[in-house]
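The following pair of complexes shares a single chain, subunit A, combined with subunit B in the former and subunit C in the latter.
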Partner chain A sequence: MASDCDVAVIGAGAAGVAASVVAARSGCRVTLIDVGDRPGGQYYRGADLSPSPRAGVDYPALAGDLDRLVAAHAVDYRPRTTAYALERAGQRLLVRTRGDDRHRQDVDIIGAGTVILATGAFDRPLPFPGWTLPGVMTGGGAQSLVKGQHVLPGRRIVVAGTGPFLLAVAATLLEHGAEVAAVVEANDPVVGSVRQLRGLTSGLGKAGDLGRFIAALARHRVPYLRRHRIVEALGEDRVTGVRIARVDADWHPIPGTERVLECDAVSVGFGFVAQLDLAAQLGARMIRGADGGLAVEVDDDQATSVPGLLAAGETTGIGGVEAARVEGLVAGATAAVLSDHASALTPSALERVRRQVARWRRFAAGLHATFPVRDGWVDSVREDSLVCRCEEVPVSRVREAVALGARDARTVKLLSRAGMGWCQGRMCAAAVDGLCGFDDIASLQGASYRPVSVPVPLGALAAEPVEG
Partner chain B sequence: MNADVVIIGAGVVGACCARACAEAGLSVIVVDRGAVASGTTGGGEGNILVSDKEPGPELDLALLSRDLWAQMAGALGDSFELDPKGGLVVAARSETYEHLLRFADEQRSCGVIAETVAAWDLAQLEPRISRDLVGGVFYPQDMQVQPMMAAAHLIEAARATGRATLMTDCTVTGIDRDAAGAISAVRTSQGSISTRHVVNAAGTWGGEIAALAGVELPILPRRGFILVTEPLPPVVHHKVYAADYVANVASDNAGLETSAVIEGTQAGTILIGASRERVGFDKTLDWGVVRRLSRQAIEVFPFLADVQLLRTYGGFRPYCPDHLPVIGPDPRVPGLLHACGHEGAGVGLAAATGHVIAQALTGAPLSIDLAPFAPERFEASHVG
Partner chain C sequence: MSDEIRFTLDGEGMTARTGQSIAGALIAGGAMSWRRTRFDDRPRGVFCGIGACFDCLITVNGEANVRACLAQVREGDRVERQEGTGYGE
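This part shows the complex of A and B:
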């Protein structure tokens, strides 16, 4: 049951695919582990993308390469598989995985000289009254419904929160035939820094992307309501509308500006949170990414502070799909060298890619400066608004925990149960920090330490072979 | 700043001391370098057990403590989920069962209620229990609390008297003594506090506090992990554990020892704990421990094989070489009292510990003889 490889890549998004291809092309034995049933990750999975027959380092070319490498058994690709833990065993790292059927005990332990963490990110929701009504979902949730299952979340949809991904989600919904009632953006990107944005994006494909989304919105006459925020979702058994308000620069609603938009679905997103469990399990050093969220620290080779552990893509800071791809290329090259193989990327190609990494990171920093999350969202929550949906913990219990002496997110969890449930705090950590005014990195880290990333049947664990 | 007594540590033991002292009329400052329950109290379970204790001073303390816990819960409402659910100790082999029955007999003579349960009656108490067990003993006095909530609400109750203050993020850096050697002040990261009395309730770090006062206390960490399952409808009704547990607690073996105690919580999760290892302060999860705990739990409750492990947590129990806590005045430093080193029973023993610490501070007659818990018992010259 236990298996072995030179390089284990966790996550088959743009970063993981790029890393796997470079490492395998360099002669490494690669195992690629991914939750999804096909490669592509958050951005490309479900996309109708014909893998390119030609060589190159754009995503379609890499996806084509991956298909061929998998067919040639140069990459052991394991879809529908989740890495639930990472552990050190002497010089090697062990990746513990489970399959997607909880009734089958398909667990494995994969030994690897180098592990590349490319687990991406998940949506960062923030609570508001009514956010738990059926029909209210995250941007990622809406996107995967539409792209993955070809189901529209509703007929008339409000897209709200902050960030350029609101535009991406709206464009996807429009493409699939939904009506988008409005895009409600809490920041003001146009007044703020459209020039700065354009400066950053000149010469990058991303600007083209944004332009395409904006054109789609204009074509469908979708209002782009900047400096607006949802203050309440309305409805009894499911969402029937949202109350929105104009907000000031800190997101405090401006009295007298409230109005109701009718809709039957809402997609909300306030940026993303990097998926760092596995790095935290090994004690990798963390930093704050450009968006203020936690990220794993990497050097120019994508190496973390843990020997043998590399990271690429959103795990090193939310940066978008292009940053993920080029970081994956670098990580693949580093993994090759660590496994004593000559890298398939020539030194000059690698140099070029490194420059792209730096450029995309600058671009991301510009975006984050334009679309920050501001404190004013706290104004609209009520004492009985749920913060933690898994354990049904309302705002009042979180505040009570602080009154009882909690000074960090972990203690709030112990005293209120916020973050103790199924998602282990992924959905509520940002909200708890915002409500309690916790801002230090130690609190973020304490709350994001998860020794078991995803649930695993006890029977599978009991049956594990004894190693060593 | 000044107070009649400074309590170092806002874990469950410090919290019980704070409430008892404030109720006794003393002015109290509780200091902790972290938040409430940020030490071992936030990393353990809340079993209040008499079932696992052999006759002796710890059992006497445990019996007193469980009654005091029940009283505190009555006084403070349902703020910390006290559940007098009772414990069921089971045996998988007949030799173990005989041992267990003898052990229960000895416990009965000390005031423990222990009801023998025949194999065919086990399912009446626990319908999903393994059919392969040879029998068990039911201990109705065993209870549980949610220890972090208990610590937080007991400190809150102390504050409600108007005589207690809590200082979090406040690290003790020194303890001052006067010309006669008696306590005069506690130095902290938030300033100096004048006081004549210090209660060392720093748990696993109690040895460090003792050293600041100039005395030695041999307290070491003993790591433990707990497995938490996905939430289920109520299926495990008592605390259930296998009889080998009793042997493990007193063991001197430095290696891994586990014996799964299985219990349901109000939130629906099932807790399986806990392991015991002496490996210093390394908190990295040991998957060998997870495997063993899972196996043991499934042996007792076979349905658990299909239940998912959701998360794990753990902490470092404070233990002394003789596995007894250190409670009471330290004759080496006038004004210094200890309330630490409770190992795997700090929650259970906290109520009685706070009670006798307040008695010692106010000169009231002690409810229990503190000689077995004396701080100076580890000194080479000490003859006990």
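This part shows the complex of A and C:
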């Protein structure tokens, strides 16, 4: 039940697929670990892509390469597998894995000279009264139901939050036959023009996507309510509507502008949060990304502060699918060199890819500047709104913890229990951070430390690492 | 993709498509919620949809706390709504 490889890649989204292909084509023995059923991550979702007409490093070409490398046993691909812990054993790193929730006992320990973290991100929710009602879900949740399951979460849906992803979610819902009551955008992105917005968002997907989203909204006459926010979701046992309000530039609701939109489902999201559990376990140095969220610090080779640990994609700062892909290419090349193999990317190809990384990162910074999370939500959120969904902790209890003298995120967690439940703070950490206003990376990193990233049977934890 | 899988929710017959998640099948069957919280006894269903939030927990063939958004339905599964911790406490 133990295995060994040169390079373990964790996550099979755009970054992980790109990294695996480059490392394997360079001659490394690669193990690719992913929670999903098929490669592609949250963006591609295992879609059947038309094969690329030319060899290259766009995603369809890489996905085709990966299929061939897996068939040739050059990549040991492990779907439906969670890497729950990462630890050091001398010069090597050990990745502890388990199967999905129906195969929790299927554990393994994979030794690797180099580990590439490509674990992606999840939606950043912000609390409001009623956000725990059934029918209220994240944009990613709505996308996964519609695209992955071919099931609509409701018939009349409100899409709310901030960012271009709202438009993508709305377009998906419309394409699959739902009515979108409104897109409720807290920022005011059309300060420039639609063209500027299109430039900004092209990196989030195939170029031209945004034009398609906007056309779909116009065709279905969906209101795009800028500078509006949900102040409350209504309903008893499931959502039946939302109360929205116009907000000022800082997101404070403007009195007298509230109104109710009836709906049977709500999609919310305020950007994304990088999945950093494994990086935190090894104490990798963190920074605040361009969107203010925590991210792993990497150098031009995608190397973290931990020897042998590389990172690519959203883990290094939310940047979209194209940034993830090109960072994955660089990480794969670095891993090859660290494993004493000549990189499959020629120096000039690598140079081109590095320039693309810089370009997509600039683009991401522009995007985050257009769709930031503004402070006004903090002093306008109702005290009785739950902030931690798992432990059912209201906003008031987080504020009490600060009033009692908590000065770091970990103490707030211990005093309030926010972040101590099943999700280990993934859903509430960004909100708690905002409520407390701590500006200290070490404090946030303390709260995001999870020795085991998903529940694991005790028998599995008792398994001893093998001699590397 | 026409193969239909049969399973039960609290003893009631339901169907799913091959490869469908438990959450996908339940929502397609009209259920939005299948768990009640342990402090406030409030209903919960899918929230993040990608395995991060653990809100959609459900009991499958006696095993508690399975994430319905990730786990695929299998023929003959006995799926049960879950209360509190899922361990009858």
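Everything below uses one rule, namely that the second predicted complex is superposed on the first by the 433 of 468 C-alpha atoms of A that agree within 3 Å, B and C clash if a C-alpha of one lies under 4 Å from a C-alpha of the other, contacts with A are read in each partner's own complex, and residues count from 1 in each chain.
Convention: contacts are C-beta pairs under 8 Å (C-beta built on N, C-alpha and C of every residue); 3 or more make two chains touch, one makes a residue touch a chain.
Since the structure is predicted, the reported quantities are computational estimates derived from the model, not experimental observations.
When the two complexes are overlaid on their common chain A, residue A:Glu185 makes contact with neither subunit B nor subunit C.
Contacts of A:Glu322 after superposition: neither subunit B nor subunit C is touched.
In the superposed model, A:Leu404 makes contact with subunit B only, not with subunit C. In the superposition on chain A, A:Gly141 contacts subunit C only, with no contact to subunit B.
In the superposed pair of complexes, A:Leu414 makes contact with subunit B only, with no contact to subunit C.
By the document's definition of touching, both partners, subunit B and subunit C, reach A:Pro455.
In the superposition on chain A, A:Glu232 makes contact with neither subunit B nor subunit C.
Once the two complexes are overlaid on the shared chain, A:Asp291 sits clear of subunit B and of subunit C alike.
Of the two partner chains, subunit C is the only one that A:Asp37 touches; subunit B does not reach it. With the contact threshold set out at the top, residues 102, 391, 421-422, 455 of subunit A are in contact with subunit B in one structure and with subunit C in the other.
Listing the residues of subunit B that touch subunit A in their complex gives 10, 34-38, 42, 148-149, 152-153, 155-156, 166, 168-169, 227, 229-231, 267, 272, 284-285, 287-288, 290-291, 294-295, 297-298, 304-313. Residue ranges on subunit C touching subunit A, taken from their complex, read 17, 19-21, 23-24, 27-28, 32-33, 37, 39-40, 42-55, 57, 60, 63, 65-67, 69-72. Against subunit B, the residues of subunit A that register as touching in their complex are 85, 87, 96, 102-103, 281, 283, 391, 401, 404-408, 410-411, 414-415, 417, 420-422, 424, 450-452, 455-459, 461-462, 464, 466.
Of all residues in subunit A, only 35, 37, 42, 100-102, 122-123, 125, 132-138, 140-145, 148-151, 153, 237-238, 275, 389-392, 421-423, 426-427, 455 touch subunit C in the complex they form.
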